[in-house]
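Order as written gives the chain letters A, B and C; numbering starts at 1 within each chain.
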Amino acid sequence: MSEIFSATVIIGILTSGIRLATPYLYAAIGETFSQRSGVLNLGVEGQMLLGAFVSFYVAFTTGNLWLGLLGAMIAGALMGLAMAYVTVNLQAVQGISGIGFYLFGLGMSDLLFKMLLGTVETVKGFSVAPIPVLSKIPVIGEIFFQQNIMVYIAFLLVPTAWFILNKTTLGLKIRSVGENPDAADSLGVSVAKIRYFTIILGGTLSGVAGASMSIALLNVFQQNMTSGLGFIAVALVYFGAWRAWGVLAGALLFSMVQAIQLRMQIIESISLSPDLAVMMPYILTIIVLVASVSRVRAPAALTKPFDRGD
Amino acid sequence: MRSRLNTLFDALLPVFATLAALGVGMIMLLILRVSPLEAYGALWEGAFGSTNAVAETLVKATPLLLVGLGICIAFRANVINIGGEGQMIVGGILATQIGLTFTEAPGWLIIILAMIAGFIGGAIWGGIPGILKAYFRVNEILSTVMMNAIAVQLMNYLLRGPMIDPTQLEKASKIPQTARLVESFRLLRWAPTRLHIGFVIALVLAILVYILLWRTTLGYRIRAVGQNPHASRYGGIRVRRRMVTALLLSGAFAGLAGAIQVYGVNYRMITDGSASGFTGAAGFNGIVAALFGQLHPIGTIPASIFFGALLVGANKMQRVVQIPSALITALNGLVVVFVVSSEIWRRRRQRQRLAFARAAEKDDAPPPSEINPSAEEASTS
Amino acid sequence: MKKNLLIMFVLVFALMLSACGGDAAPVEEPVAEEPAAEEAVVEEPAAEEEAMEGPFRVAIIMPSSITDLAFSQSMFDALLAVQEEMGGEEAMEIVYSEGMFVVDDAAAAIRDYASEGYNLVIAHGSQYGSSLQEIAPDFPTTAFAWGTTLNTFKEEGIENVFAYEADSHEGGYVNGVIAASLTESGVIGVVGPIEAGDAALYVKGFVAGAASVNPDVEVNVNWIGSFSDVALAAEAANTHISAGADVLTGTAQMVVGAIGVAEESGVLWFGTQSSQTSLAENIVVANQVYDWTVVLDEILANIENGVYGGEAYTITLANGGLVMDYNGAFELSDDVKAAADAAAQGIIDGSIEIPTE
């Protein structure tokens, strides 16, 4: 048991938790934007998969990772655009159209994979890029500053999202559209434009989440490689109560427990059935949320299509 | 006359939308150098082309309908249950355990007990998020997603260990599955097809859920909570309790679907390590079916059959024209998107009609939601 | 309004097209299906004659994808090899259903292929056994096969089901021997899906093989609870590496994530089921490759003689069904290679017995 408290084990777990949190952060921050404007997007997983494939394929054929990342952003944005048209203009039930987009992304990414690649391949993805000076700090440097660039960007995204949502006019508009679209509309804010913006942003970030897996953390693409991760990301938005820092807390909690779970399995003195170990992150996330008794309310207009009544 | 035409158009709207989605699918098929005629011919053939095809469609529709009924209840109370997968698994586990424990008992008794066990299993797995939501403010989307994952690992644990088929224990392969159910425990089947009595059970339950929601006080309260929790609270309805009831019942129907899957189709539980290996993703697809059915229990019946047909037919299409299964998944996604998007036309005309009706008979027009569960309501849930 | 008209037009167009499709199918179908249905009723000799005339028709149902670099691909590749051996598509027709992880969808596929008169229907997954047990008796002149298991349901009175299994602990043992010889840190990591079936067997063999070289080598095993979670498989590999592992192995289709990590970190990898060398030529040392052609040849020979089932086959190192595939680009020292060959030879001649309990 004492083994788990040794410094190397703890550093290992924290480093691993940070890595695991990366795709969740991109996807969940994106989802936070769209939910704040009143749109529930359950299609995150599909957008991630398409982003993962496109970035992998572009990087694989051109050898340029940044081009790959751009490809993922475009793929995600296009999915977001379609989602926005369906939920804003056609006022479709959001949860269900999201499931539709999930299935589409799941199928399409696999189909393209089969047609264009045909077999599992690897790319040389973004590799670990230690940040000068900071990475030399004992312990902390090793945990936070010896990661790849996609990890750094993910963590920088959190304060950025917080700033945009809370300190800018755009953020104010997004929030007002999510709370009271009628009032926002009467003040001259275009509900449709704002929602288009947030859904496309959400899609773009989901695409990047996929890319962070296929060209930075795993360097492979395989069908259904996200395996439910996108749905967890949506759940984390609820955990974080629609706040960027809350989402960060949720993503870190879930990923850290995941990392602990993996580590515990290989420590001989702890004998726990692997199935039960795998359950841990899911159970603990619920328990922590119960214990924290958050009083935050959902954006009032969440899932409600807006109709100007014309 | 005109209004009847309108109603017909409304009812057929999902069909038109599906055809439009298949139209887009045609492009993909052509890119894959497959004849769309042959492909869609096979789809139709697989879903409705023979007695056996129709039976397969109904077998597929059964869990969709049961899960969908639960979704009708939950969404009416304005709680979103995406935990159908986990609830089916737990229902299936408890029901299977009944059949494995009492191997000597008469078949009818075991079947009844197993169905009850499935119902209870699902109710527990749905009730937990219900309690968490009502009393601890844990959002149900979060808790049901997590509970799905927990259920899968629980299943893997049980089927590898405590519940494993004793004959597998001696073998090197150790397939994670339970023993097979005794023959007398199986649901009545319309041989030689796989259509079993579970479909009829689901139909009867659809009527019961309709009665529950629109003819009982409990149903009224559930719907009231969904439409306006604040007003309901002032009206003396215990909102929290009704939320729990709604999620509990919703889970129970999914649990029953799991039990019926075991006793009607698979005759044992097997895991491939994922939820959908057992559920066939009915926990998710049931939500889609319920929404196609306008969140109305009776409307969910044709919606489930329609969606079941699509799934069964698509598999046949994959077999006949030998395209990657991925295309089928993408196509299903397109169908879902097109169908939910098409709703806008029905809603628009409904609004026109309502305005027309209000102008005509200002006095005793019942509130809109009582005439017809409007899409307005559906979209808010 | 214009937009609505356009959409209506698309709707009608699509409707017309699918109406045509609906008409076309019934005309076509009877031709394809009727003889098949009769064939199932008529006694065996007629069915055999039928088989002699056209190509031999094989259908396969797989849980994963034909390109998974693992279990499903191993069988599909073998089928293609047998097809080529027999003389291409004229001699053997292959159809497949991949991604059939839903057990009752697979059952529908099995029944459908059987009723269309395929000579051999392979249900390539141990979760399909129950379905075969239901379906096989209805099609006495169709041969079925499934794995991995040794159960042909002969005891239940079913005569037309073959079964096949891989003694994956054998190649696992050899991999373990090499791994334990190559590790410098004395720590080896294993990434597995769920602890059952073929995966559990492979890992048992691997652990035993490593211990046979050096009992002090630490073999850490991680079961990630999923066959599809590539990200978790990758992080499991990271966890092993941070626990000091410099050699990794793993089984099932989600390990591609772990291979990506292994390559990035420059630790060695041992594959199983299919050859994974193409993924990471610098770090893959050896693969245990399942060559099911051995089994397929036997099954085909049996069918030719009118035997449609009742036999169970195991691929082993001895019968050439399990092949140790070494990565030519990786320089393996002579004594390690010799130790590996000795282990393989020991397993073949029976002098090494691998505990599987």
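Everything that follows uses one rule, which is that a residue touches a chain if its C-beta (ideal position, glycine included) is under 8 Å from a C-beta of that chain, and two chains touch if they have at least 3 such contacts.
Bear in mind the structure is a predicted one, so any value in this text is a computation, not a measurement.
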Seminar exercise, completed: Maximum distance between Cα centroids and chain B occurs for chain C
Exercise. Which chain pair shares more contacting C-beta pairs: A-C, or B-C?
Worked result: B-C
Seminar exercise, completed: Taking each chain's mean CA coordinate, chain A and chain B are separated, in whole Å, by 28
For this session: Averaged over CA atoms, how far is the centre of chain B from the centre of chain C? Could you give it in whole Å?
Result: 32
Seminar exercise, completed: Note: chain B residues in touch with at least two other chains are 153, 156, 160, 324, 326
Exercise. What are the residue numbers in chain A that touch two or more other chains?
Worked result: 110, 114, 223, 228, 275, 278
Seminar exercise, completed: Among all residues of chain C, those touching at least two other chains are 65, 99, 194-195, 225-226, 228
For this session: Spell out the residues on chain A that touch chain B in their complex, using ranges where they run on.
Result: 42, 46, 82, 86, 90-93, 95-97, 99-111, 113-115, 223, 228, 231-232, 234-236, 238-239, 273, 275-276, 278-279, 282-283, 285-286, 289-290, 293-295, 298, 303-305
Problem set entry | Residues on chain B engaged by chain A in the complex (per definition of touch) | 28, 32, 80, 82, 132, 136-139, 141-143, 145-147, 149-150, 153-154, 156-157, 160-161, 284, 287-288, 291, 324, 326-337, 340-341, 343-344, 347, 378-381
Seminar exercise, completed: Contacts from chain B onto chain C in the complex sit at residues 16, 19-20, 22-23, 26, 36-46, 49, 52, 56, 59, 152-153, 156, 159-160, 171-177, 180, 192, 194, 261, 265-268, 270-274, 276-278, 280-281, 311-312, 315-316, 318-319, 322, 324-326, 345
For this session: Would you tell me which residues of chain A are touching chain C in their complex?
Result: 8-9, 11-12, 15-16, 19-20, 23, 110, 114, 118-122, 125, 127, 213, 217-220, 222-229, 258-259, 262-263, 265-266, 274-275, 278
Seminar exercise, completed: Counting only contacts in the complex, chain C reaches chain B at residues 4, 7, 10-11, 13-15, 17-18, 20-22, 24-26, 28-29, 59, 63, 65, 95-105, 107-109, 111-113, 115, 125-127, 129-131, 134, 138, 148-150, 165, 167, 169, 193-198, 200-201, 225-228, 356
